[in-house]
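Structure first, commentary second.
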Amino acid sequence: MPKPELLETFTNPYVDREYEIHMDCNEFTSLCPLGGIETDAKELDALQGGAPDFGIIRITYVPAQVCVELKSLKLYLWSFRNDGIFYERAVNRILDDLVAAVSPRWMRVVGDFNLRGGIKSVITTTHGAKG
Amino acid sequence: MPKPELLETFTNPYVDREYEIHMDCNEFTSLCPLGGIETDAKELDALQGGAPDFGIIRITYVPAQVCVELKSLKLYLWSFRNDGIFYERAVNRILDDLVAAVSPRWMRVVGDFNLRGGIKSVITTTHGAKG
Amino acid sequence: MPKPELLETFTNPYVDREYEIHMDCNEFTSLCPLGGIETDAKELDALQGGAPDFGIIRITYVPAQVCVELKSLKLYLWSFRNDGIFYERAVNRILDDLVAAVSPRWMRVVGDFNLRGGIKSVITTTHGAKG
Amino acid sequence: MPKPELLETFTNPYVDREYEIHMDCNEFTSLCPLGGIETDAKELDALQGGAPDFGIIRITYVPAQVCVELKSLKLYLWSFRNDGIFYERAVNRILDDLVAAVSPRWMRVVGDFNLRGGIKSVITTTHGAKG
Amino acid sequence: MPKPELLETFTNPYVDREYEIHMDCNEFTSLCPLGGIETDAKELDALQGGAPDFGIIRITYVPAQVCVELKSLKLYLWSFRNDGIFYERAVNRILDDLVAAVSPRWMRVVGDFNLRGGIKSVITTTHGAKG
Amino acid sequence: MPKPELLETFTNPYVDREYEIHMDCNEFTSLCPLGGIETDAKELDALQGGAPDFGIIRITYVPAQVCVELKSLKLYLWSFRNDGIFYERAVNRILDDLVAAVSPRWMRVVGDFNLRGGIKSVITTTHGAKG
Amino acid sequence: MPKPELLETFTNPYVDREYEIHMDCNEFTSLCPLGGIETDAKELDALQGGAPDFGIIRITYVPAQVCVELKSLKLYLWSFRNDGIFYERAVNRILDDLVAAVSPRWMRVVGDFNLRGGIKSVITTTHGAKG
Amino acid sequence: MPKPELLETFTNPYVDREYEIHMDCNEFTSLCPLGGIETDAKELDALQGGAPDFGIIRITYVPAQVCVELKSLKLYLWSFRNDGIFYERAVNRILDDLVAAVSPRWMRVVGDFNLRGGIKSVITTTHGAKG
Amino acid sequence: MPKPELLETFTNPYVDREYEIHMDCNEFTSLCPLGGIETDAKELDALQGGAPDFGIIRITYVPAQVCVELKSLKLYLWSFRNDGIFYERAVNRILDDLVAAVSPRWMRVVGDFNLRGGIKSVITTTHGAKG
Amino acid sequence: MPKPELLETFTNPYVDREYEIHMDCNEFTSLCPLGGIETDAKELDALQGGAPDFGIIRITYVPAQVCVELKSLKLYLWSFRNDGIFYERAVNRILDDLVAAVSPRWMRVVGDFNLRGGIKSVITTTHGAKG
């Protein structure tokens, strides 16, 4: 299960200035709840769970009072490793968890997933309006 | 014949949020009804149909009530494999079929076709207005 | 001499929708009327004409009633092969000929020419206003 | 069915010199006889055949008496489009057919296939010894 | 635990010819038994196991009687997902398991792992002599 | 300690024109005050300070009366080499010091830091409004 | 000394249309009046002048009555070869000289200079407003 | 007609040393005598000759008494512009003409031709043995 | 001072097999004892030491009884951070220290240093003979 | 005039080991004695000398007793800036001057020159035998 309680924050050192923080998290992996576009029954049986998905999670935000602490973000993203979750749900869930943790002025989360069945998927979701 | 009946959908898990889904389908192939820019009569005879076209179909949309299911999208695009269809018609046809299937808030389909006769073609068509 | 009479068209299959067609024509070549930046008298004598120019012609347009047929476009561009013409004139001439042939809602022609004398030239010209 | 009878040759214009001809055929596609790494029963049913494979066929040879004619090579490779064949068999079959057609001094065929299930395959097979 | 019993083979269709099969498996992931170069105690506690490693496994071999079946190879590599194993051991273990399964004339396995602590590691191990 | 007193300026030679100066400083390095995402206690002990961070500092500004002198900028950035400072603080501090030194019409500082724990960070901060 | 008198023009062949001409001049070199960021006294003594600077001059303009002739532009840029001039002054000087020569509707000059002391500089200056 | 009489030479300034000269001639164009893989009768009629071929000619040699003069090489390659000639013949012809002109210790000519009908061709031919 | 005592090893898990370990250490930095190619007296004074050098250290070896532990290698390379050392000495010193620590069957160290004064340096040094 | 007297050396710190030093000097420029492939009489008149040539000089050597000092190498290469010299002569001259200065066990000099008249030239010359 994704564990938002792993997310930690620190006080924004320049709280009076609107500036932007971007992070590319290159090693996101989760499982697909239904096996996914490339998985059949035999494969699911072998793994006792869904087929692995891989992707990059790109997070951009304008901090308000706090910033997300990098090591805790890494641990939070690791907590998706053995859970079955659809792309659309994962990306929006990460946005929800991060917004709850850091209450940013604006935030965007992009899930840039690896090719499956000759198809590459990119999901983009946003909280608030920029500028 | 393109088979829009292959397209399946699932309920948008974050129906209240405007977010974007992008898919690059790298292995689109169809036939050209007239043989195409590089085909002469002998070639058509050999193949008993038009010359093959290859390209990438890039789909971007903002889902409303439902999202298109990835595996069904792959099958739908496979259904163009042995039909003769012009670039312009194929790209607009894919837009029409997907709009009918998922009624998106906004959708764009781009057909990015391989070099033919030293010419690369890219067709871009859109449904609705973004934002 | 450029031969606009080679250009053929076909009926736009989605005439009610504003969509965009882009073509990169990678093998454009013509001659320079004055020999060009890298040519001296001896070279001109050897060739009995101007020095060759090479470039990519990038055409983007929003079709109205008709689209330009790809093979005829290739032949039209081939007809510049042995004529002397300046970059600026060639690019605007192609725009004029294509606008006359297909009466587009909007069209842009870019001539992206090879390095000459350590200088790369790109000419961009447009007909009508987009959107 | 692959149609080696489509292959045509022309007399090697420099038969006394050992030189090398290389061709990258970028648009090879065939079907997988068992559906392949990404295909399940439902997909096969939809397509009434195996799942499509895509790849580049890279051919290198030292001609002896004849060379393979390019347009006929293109038609020959098109003839795999709707047949089910494994990677290993396809690449060795192409080598056998070309060796039969042109009796080269040496020939290598490489099948460089697209990613399937996160795995990219490249098969290399050779006839004769170089030099 | 790595599960070599998942590996399946099929009869080499061209057993009389020495040819080469190469596979890049882009989505290999395992855990590091000691937490690895970037992990401290708190992280291990959060994950209840070692820190994730990511990499590409590149396999090249000359088949003898049998070839490894692609889908089974994918499942075999998935079986490392939740086990703690060092780079050096993983790469040599994969070589041992594949050699046992397909008895190749020659085989090489390369583990090309992601940056850790500013250091990228590539391990190369070989069975038999080529040619 | 960062030494803003190292920054030197020279009179803007085209003070009446609004133009833009961009500098990519590719060799920025500092230390992380807490050891950073990849550092544990043993590492800190070895170095008697925080773990090294590396990145590119990208500075863009529209000069007013003075421009920053390049060699002095290099020395100023070197002065971060052995100080512990968080990414967010470093980037905003550089902006503050440069704004104090050159009073630009507009300035942006981007810190484009190397991968740490599989995560790449980019911080962007701005002074004034452009145009 | 830069020699603007070398610049020649020709009549804009499509004077009624607003179109854009872009030129990348890849082989610009000048000297730095003070020796520059990487030069010390001994080096200056050896060269009897400033240290060499290298860069790309990127010119974009919308012509009015005349266009700049390419070969004369090359000669004009060569005339900076042995003069000492700062980046900011060189880029604005080129803009001034070209504006004087061709009176464009709009013009932008970018000086994209090579790495010096680990720092890459790009200067952008503009005459008039576009569109 | 290719005009080998255009080739000029100059005395090798370091005749006692075995060193290598390589030249990439990026703008080679000729015509195909039969129209080529992408040409039909109508196209030929339009051009009153074969379809254009484009490619890069890569020449490498170890000079003996003389070197080929660069400007004359350019003119010689221009002389193929309006002649119909097959790839294999063109590349071997260039080798023959250059060997006749400069009597090198060793020479290799590579014709690296543009994609035609989805196929890229590279022809390599050599005179003498290296080292 | 470089601290070879930081280097730790672990028992080679496949001691009977000759295999290769390669590591790219992307964040090496040291100081130049004389200030280096880009430093003058004023700069040295500002830094109270030599100018910083940056580079990638590429290590390849065939282990015998032990392998170098990655985290300890990182700490060892960090220990060059504030010492003045020439490129040639640093690369050979790293080879000596690693050979002393792991007694490899073969080892190569490459120092791939950043551009200084328009010059990029790469130093390659080897211990023992491969294979 | 090239000034080999500018070259300075320092004692090879690891004289007993055969190791390799490689340097890419990215900013070499000289003049062409005859004006070069792209220059006509008017251009020569404007410059009062030959047309500028640009290229990269790549030097690789195995040092014996001494190494070439980097800053002195930079100054030596600057001394070609205003002299007219052919490519072949320049590259062999640099080899001769460096061999005289450092008496290496082996040395190679490559001159990798910019495109002129659509032709890129690379000259490679070597002193001694490697290994």
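When the chains are written out, they are named A, B, C, D, E, F, G, H, I and J in that same order, and each has its own residue count from 1.
The rule is short, and it goes like this: a residue touches a chain if its C-beta (ideal position, glycine included) is under 8 Å from a C-beta of that chain, and two chains touch if they have at least 3 such contacts.
Not measured: the values here are computed from a predicted model.
Asks: From chain B, what is the lowest number of touch steps before chain H is reached?
Replies: Shortest path length, in steps: 1.
Asks: Counting a repeat as over half of the contact pairs in common, which of D-H, B-H or B-D repeats F-G?
Replies: Checking each pair in D-H, B-H or B-D, only one repeats F-G, namely D-H.
Asks: Averaging over Cα atoms per chain, report the distance between chain A and chain H in Å.
Replies: Here the centre of chain H sits 55 Å away from the centre of chain A.
Asks: With chain centres taken as the means of their Cα atoms, state the distance from chain E to chain H in Å.
Replies: It comes to 46 Å between the two C-alpha centres.
Asks: Compute the distance, rounded to whole Å, between the mean C-alpha positions of chain G and chain H.
Replies: 37
Asks: Can you list the residues of chain A that touch 2 or more other chains?
Replies: 26-27, 37, 54, 71, 74, 114-118
Asks: Can you name every pair of chains that touch?
Replies: A-B, A-D, A-E, A-F, B-C, B-D, B-H, C-G, C-H, C-J, D-E, D-H, E-F, E-I, F-G, F-I, G-I, G-J, H-J, I-J
Asks: Can you check the complex and tell me which residues of chain G touch chain F?
Replies: Chain G reaches chain F through residues 37, 86, 88-89, 91-92, 115-126.
Asks: Name, in rising order, each residue of chain E that touches chain D in their complex.
Replies: Residues in contact with chain D: 12-14, 17-27, 63, 67, 70-71, 73-74.
Asks: Mind listing the chain I positions that touch chain F in their complex?
Replies: 3, 6, 26-27, 29, 43, 46-47, 51-52, 54, 71, 74-75, 78-79, 81-82, 114
Asks: Contact residues on chain A for chain D in the complex?
Replies: Residue list for chain A touching chain D: 37-38, 40-41, 54, 114-118.
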